[in-house]
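The two complexes that follow have subunit A in common; it is paired with subunit B in the first and with subunit C in the second.
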Partner chain A sequence: MEFGPHLMLAMLEGLVQASVLTLTALGLSLVFGVMRVVNVAHGEFYMLGAVLAWWVTTMLGGNPAIGFVVALVVAPLLVGLMAAAADWLVLRRVEYDPERTIVATIGLLYIIQQVTLMTYGPDAHPVTPPFNTRLALPWYEFTDAGFQIYWPWGLSITSYKLFVIAAAIVTCLGLWLLMARSKIGLILRATQLDSETAQAFGIPVERVFALVFGMGAALAALGAVLVVPIQQAHYLMGGDPLLLSFIVVIIGGLGSLRGTVVAAILIGMSDGIISVFFTPTLAKMLATLLVAMVLVYRPQGLFGAKPA
Partner chain B sequence: MKRALPLHLGLIVLLFALQFALPAYHHGNLARIMVMATFAMGYNIMFGYTGLLSLGHAMFFAAGMYGMGLAVTQLGTPVGPAFLIGIAAAFALSLIVGLLALRTIGVAFMIVTLMFSQTLFLTILYFGSITRGDEGFGIKQATRQIMGLDLSDPTIRYFAAWLLFSLTLMGTLWLVRSPLGRVLIAIRENEERARMLGYDTWRAKLSAVLMSGTVSGAAGAAYGVLFGYVGASFAQVPYSIFPLLWVLLGGAGTVIGPLIGALFMFYLIDLSSGVTDAYMLVVGVALVLLTLFAPKGMMGMVRERWLKWLP
Partner chain C sequence: MLELHDINAAYGKVQVLHGLSLNVAAGEILCLLGRNGAGKSTTMKAIMGLVPISAGSMQLEGHEITGLPAHRVPKLGIGYIPQGRRLFAEMTVAENLQIGLMTRGKGGEVRERVLSMFPRLRERLHQRAETLSGGEQQMLATARALCLEPKVLLLDEPTEGLQPSMISLIRDVVLTLKEQGVAIILVEQRVDAVLEVADRIVFVENGRDAMTVTPDELRADKGLLQRFVGV
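Showing the complex of A and B:
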């Protein structure tokens, strides 16, 4: 393939990755924004979403589309409930102290990961996509005969991948409506702004925290359900999304949802493109180092406002 | 000091004597535990005494280990000088990381250390032609000699681990009672106030990172020399979490806590790995239970209830 179509393909793949990353990172960002704690177990909630999706589709059998739609609802819901329970049982009791929360969520990370290893096993399992038509894409060239459109071999995307991108956009819009237009959103924003004052105004902050922690995990799980027909479900799959979400949330400015979306698209796309043209190890290495430097020299993130 | 010195010297004598009493399996384990406890004591200087929670100490351990290992395999250095090169590598890395990471505080500090550590791990993978990536490389038994002593011999290995451990233990004991150690504890309790009192807290924190990173690197280099293996798994996230866990379990900010924590955790994992492959579950459960019910750790509770003078 020539450079042009190759780049186009890399960008499309990057866009699919960026979509999933946006959802995962939004979950982490939401939790950090409202609760001011870092959830190190976030990647494991993502992994749980993928494993549950496999479990649901296998249990239901039959038409893959039905199983997938059920998984799309059930997996995030279950993961959200589990996360809310973890919040209630553990994080609430360490009073959301930032350091102790990190240590506790590292503990949760290993508990979730290892229990999955014991029950689901060490093998990766695939989930059949509900639909998977290959769509060839055109490219253009200028020849002696003038402008021409042709169909390069290998330049294609599947309908399922387009669906992933669309689903991510819809979810983002839904989350924005929820945050900006609903009563729950108002309560969340009030808690984010100042949880003590919110409590003084009668907002049940503890329950809001459990809800937010659940929502954050559910977003990660949703991203994982979307990705699992492309990637297989595996008990160690939570590591990379966690690291990338960290990167995104930091670059986007800690706690800013809009910044998170912009950064997720930026990082997801560049990660996809760099991985096609260079080795993934080098890409990850540079990204990780870059983020550490951003945190050191611009702790408010590239898009975040200066702290008051 | 009257009561603390006999206690710690007694512990050192006990560990020395155990060498003659233990069966071979536990003898080998204890040598390993003493090296890991040295790593944990290094971690404790930053976390337990200065209040800086690092999530990336694997990088210092790995810097020492690879500094030593690569000097042996690439430059053909004898292990004695190579051990010093390992320590120097860890010192250099802690200087760089300290200068950069100390610009941040709190959660950002944890994430920055995590990211730097991950960068080192990926760098090790990237230069796989020299480091042999995930697989790692062995240090040949023939080269593991210092002054005619064969370090792969169990008795000499135990003695070397004991020496490293004892030096670090006494060093930590001296540190926490020195003026610098007092400033570090003051920073842990209230940095703002320590600064108001006129202490240069930034310089004190940097020296804590330097000491902590260098001791951890010495443990890594010693591990490579004594057990003859250098691998990328020692640069991965679990090896940043282990010292945190050992210190938390044994008691952050106590001199003997890291040993107690490493000893307990080692045997807990050893026992559970006989039952299940998912032995890291024990680590997870221990972390959650510790944060919930015993944030001060074992020696911390001993100090609170009975031995108020415990350093």
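Showing the complex of A and C:
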């Protein structure tokens, strides 16, 4: 394939990755922003979303589209409830102390991972995409006959991958509307800005924290449900999204949702493109280097507020 | 209206209040005076449930409120204007007021009444709180607390760093609320301001209510200031 179509293909693949990464990283960013908790178990909630999606579609059988739609609702909901319970039973008991929550979420990571290994097993399982039409994409060239459009062999995307991108955009818009326009968003932002004063105005901060921890995990699970028809569900699949989410959240600015989206697109796209033209290892190395540069030259992240 | 009996309270292991008692009636202004670190602000936080109480009891209109979760206290009608204003800085004026209104489920009527007390805020409804001047921020902090239609109002150094015109505005608001029958506890460093509005003055020393006097008694004996405030 020529360079132009090849680059376009790489960018589209990168955009699919960026979409899933955006959702996962938004969950991590939301939890850190409101609760100041670094959730090391975030990748495991992602993995749980994928495994539950497999479980739901397998249980239901029949038309893959029905199973997938049910999984899209049920898996994030169940994962969110589990995370909220973990918050109530564990994080609340350690009083959201920054160091102790890190240790506690490391514990959660191993518990979730090993329980999944014991029940779901060590094998990877696929989920059938609800629809998966291959869509050929056009490219252009200039020949003696002038400008021409043609259809290069291999330049295509599936309808499902386009759906992943669209679903991520819709979720981001929904989250933005929730945060900026709704009563719940007002309560979340007030808690983020000053949780003590929020309590003095009747906001039940502990319940807000459980909700936020659940929402963060549900966002990761949603990303995983979207990815599992492309990439199989496996009990160790939470590692990469965790690393990439941390990279994104640090570059975007801890707690800044806008910065998280911008950084997720940047990292997801560059990861996709560099993986296609060079190697995935180089992509991770460059992303980690970028984190180091951000930490040295702009520690608050691209969109983070300067510490007062 | 509000009574505190022998309250002990601590930040972690550092005990700040050692058996503090006070009471304030409806339509009364009670001022707390004392040195820095005497426990005035901690008393307010203890009332709001923001600092845990290890001994003693508190009653609002005869109902026990000791040990209530912090978010339940304001719902009973205790409005709090914290030291340093503590606005939700990145939110707009309107959103800050909305938080106040949501506390006790108050609606547009209360919002109108509060805004008519502070017309300047009405002009700035869609501005972020952090962009307001110091005086306007104090207005907003006061307005936010008034959105609860409080029975008891706690003001922690409301005039700190304000210009004289703003100080007199805050004083007028406090006096209006007193007329409406609100019980008011005021922490204030400026003794002249205290003498103007207070019905009773409690000197706080080492986490205790050391002495309670009237403004006239304080005017008559300036030695009290030397002893408890030490200026």
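Details
Note that in this section the second predicted complex is superposed on the first by the 305 of 308 C-alpha atoms of A that agree within 3 Å, B and C clash if a C-alpha of one lies under 4 Å from a C-alpha of the other, contacts with A are read in each partner's own complex, and residues count from 1 in each chain.
Here is the rule we use: contacts are C-beta pairs under 8 Å (C-beta built on N, C-alpha and C of every residue); 3 or more make two chains touch, one makes a residue touch a chain.
Because the structure is predicted, anything quoted here is derived from the model rather than measured.
Contact with neither subunit B nor subunit C is seen for A:Ala263 once the two complexes are overlaid on the shared chain. Greater residue coverage of subunit A by touch, when subunit B is weighed against subunit C, goes to B. In the superposition on chain A, A:Asp194 contacts subunit C only, with no contact to subunit B. When both complexes are overlaid on chain A, the residue A:Leu12 reaches neither subunit B nor subunit C.
In the superposed model, A:Leu186 lies in contact with subunit C only, and not with subunit B. When the two complexes are overlaid on their common chain A, residue A:Val90 makes contact with subunit B while staying clear of subunit C.
Look at A:Val56: by the touch rule set out above, it reaches neither subunit B nor subunit C.
Of the two partner chains, subunit C is the only one that A:Gly202 touches; subunit B does not reach it. Applying the stated touch rule to the two superposed structures, the subunit B and subunit C interfaces on subunit A have no residue in common. Partner subunit A is touched in their complex by these residues of subunit C: 48-50, 69-75, 80, 82, 86, 88-91, 95, 98-100, 102-104, 144, 148. By the touch criterion stated above, subunit A contacts subunit C in their complex at residues 183, 186-187, 189-190, 193-194, 196-205.
Put simply, subunit A touches subunit B in their complex at residues 38, 90, 93-94, 98-100, 102-104, 106-115, 117-118, 122, 239, 243, 246, 250, 279, 281-282, 284-285, 288-289, 291-293, 295-297, 299. Chain contact summary for the complex, subunit B toward subunit A: residues 53, 55, 100-101, 103-104, 106-108, 110-112, 114-116, 118-119, 122-123, 125-126, 237, 241, 244, 248, 276-281, 283-292, 295.
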